[in-house]
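For reference, the structures are reproduced in the following blocks.
One chain, chain A, links the two complexes that follow: it is found with chain B in the first and with chain C in the second.
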Partner chain A sequence: MTDIAVPHDLWDDGREAAISVWLYADGDPVEAGAVIAEIMVEKTSYELVAPSTGRLAILVAADEAVAKGQVIGRVD
Partner chain B sequence: MSSPEVRTAARRLTIAKAMSEAIGQEMARDPSVLVMGEDIGKLGGVFGTTSGLLDRFGPERVRDTPISETAFIGAAVGLAAQGMRPVVELMFVDFFGVCMDAIYNLAAKQAYFSGGQVTCPMVLMTSVGGGYGDAGQHSQCLYATFGHLPGMKVVIPSTARDAKGLMLAAIRDPNPVIFMFHKALQGMGWLGTVAGSITDVPEDDYVVPIGTAAVVREGSEVTIVALGHGVHQALDAAHELEREGCTAEVVDVRTIAPLDRATIRRSVEKTGRLLVVDDDYLSYGFGAEIIASICERGIALRASPARIAYPDIPVPFTPVMEHFVLPNADKIVAGVRRMLEQNR
Partner chain C sequence: MTEALVARVARAIAASSRLSSSDLVPRAEAVDRDRELLDDLISGALPSGFVRLWRQQRCIVVPGHFARRPGFEEAARRSADRGWPVRVRISGGTAVAQHPGILNISLFRCGGPDMQQAYSTLVSLIACALGQFGLAVTAGPIVGASCDGRFNLCWRGRKLAGTAAALRIRGGRYFTLVHASLAIEADLAEDLAAVAAFETELGMEVAYRIDAHGSVRCALDAADHLPLRSAGRQANALRL
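Right, the complex of A and B next:
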């Protein structure tokens, strides 16, 4: 089981961000390194990759606000 | 995909990313392709259609323009006449009024007026649709407005896979192609992303031929014809109807003009029932054209054909009012039930 956390260096400052889209559904198999979500900071989009191979568990839904370091899902 | 270094695992993209990837691949392959529009450079497009292109290709080929559609779309027509392949973004289709002369009098008629000596290989990509509270001048679809005018091809993808293949086909087409994309399917979050639009997309080069519809779900009781966002609503409705024992066939037209009437006819000949889903204005519209295409051929129907379309009023700003008038899966299910009750 691996946590999916928002990387601290994903964007420069302390601006608020939101998950714009999960590219996989809760329970889908994902592969390490695949882009699984996009996070939007104002109008710029950043990609988030799967930290390991396994089944995706989504803990924070699309459209929700997120902070750096926050765990937003798991790969089981 | 035969090399062991190449990742063979599924790769999911949003329609926004699929469009950017297609444009980028074609720019790398063909030096005559360039992109122009408002906020398409540094920002990567307000709907994500050009992300990463400025960094890869530089400001000569990825040009942010002033807010003057009249100027940069007119410039694109001229560039195309000189052999370039411009891809221009009209941020909202609603703004076509200020640049329509360049589109339908110049671009669309170039090949005809010159006896085929000068064509106009340009792509006009433009966002359509509402559902996120952006009011009457940012939420229209205008499929029929563009589909009505000869000389242009008009396409609209419902999935990322089709978006890439249609974009590559559009850029390579010798004549103008209006590439519509529905905001609800872009994967931009704030516009309300529909999960079904995010699909596996091959990394390599492929084309979805313009003018070909797709049967995206097979069924025998009713044909539901839709486009863009409506395809996903039709699929949701078909899923619901199946629980009631009715299998619905869903046809995604993918191209508004030229319309693939043959695929629609084959489906309706099989099912005997036809319902069209359209988030453009009802009157003189997409639904009317599809239904006429069936009725003119004398195809026997088991129920009167029906339209679930947007009524002939401006799009309301208030979300509760907007969603009351927009098509949705429940309205499609109810429409099919009414047809099944007719028992002709």
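Right, the complex of A and C next:
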């Protein structure tokens, strides 16, 4: 099981970010390195990639606010 | 007249950038090239600091997550029926009108995750160019502007250009596209109406003000626009 976390250094202040989209559904198989989600901070779009191969478990839904370092999903 | 002014502004921006290419023939798929060039930057085929100047045929461009909203297909179809087809870009923000009166400037760079620096670099580049035309611009948000943000290029309270970015992390390295859409000459009411109609049909609440927007042509036509000033002073004024 591998956590999918928002990187600590994606933005440099306390601004609110949100998951703009999950590109896979909860329970879908994903491969390590695949782009699985996008995070939006202001008008900058960041891609998140799967840290390992397995099944995606989504812990935070799209459009929800997220913080730096927050675990938003897992690959089981 | 639009063509000549676009060409002049593009030349001024290109002259201030180390590496650039101009692709000013408006194309339907022009926006897609940014995605390819960001991939080239990641693979090492494109040097950091590269600037692309380009134009798009008339359409509305939206960030990728818009395309996954419920009702997107229908809203896009209706927009196309009104003469505004919808295309997807890789950077963030909201919907933006595109047509040959809009000059797009895309900066590709490798470096750290400091997006403020990336935005500032692009904004300063454009401000230097506009300074050569005697336009003193600032960076900041504009209440009532569509696709608003901290790094708009503004002239007397009107948004001349919006900016947005995409960041990719590969192997611990950061690759950035930061992009601006500069209104050179436009029917601003028509542009704003097209964006507002599309976003409303997508279920968004919009409250845009026409007087929050402007164009380079409008600014130059203002009888009292500031006399020519040095690009260096413009850059210093915009350092964020």
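Keep this in mind: the second predicted complex is superposed on the first by the 76 of 76 C-alpha atoms of A that agree within 3 Å, B and C clash if a C-alpha of one lies under 4 Å from a C-alpha of the other, contacts with A are read in each partner's own complex, and residues count from 1 in each chain.
The rule is short, and it goes like this: contacts are C-beta pairs under 8 Å (C-beta built on N, C-alpha and C of every residue); 3 or more make two chains touch, one makes a residue touch a chain.
From a predicted model like this one, the values you see are computed outputs, not experimental measurements.
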Fit or clash between chain C and chain B when superposed on chain A: clash
Which of chain B and chain C A:67 touches, first, second, both or neither: neither
Partner chain(s) touched by A:59 [first = chain B, second = chain C, both, neither]: neither
Touching partner for A:11 - first (chain B), second (chain C), both, neither: second
Partner chain(s) touched by A:45 [first = chain B, second = chain C, both, neither]: both
Contacts of A:34 with chain B and chain C, given as first, second, both or neither: first
Which of chain B and chain C A:25 touches, first, second, both or neither: first
Steric overlap of chain C with chain B in the superposed model, located at which of 110-118, 128-136, 200-208 or 218-226: 200-208
Residues of chain A that lie at the interface with chain B and also at the interface with chain C: 20-21, 38, 40, 43-45, 62
Chain C-facing residues of chain A, complex: 7, 9-12, 20-21, 38, 40-47, 49, 62
Of all residues in chain B, those that touch chain A in their complex: 7, 9-14, 43-44, 46, 48, 51, 187-190, 193, 195, 198
Of all residues in chain C, those that touch chain A in their complex: 63-65, 68, 90-93, 112-116, 147, 149-151, 162-169
Residues of chain A defined as touching chain B within the complex: 18-21, 23-25, 31, 33-35, 38, 40, 43-45, 62-63
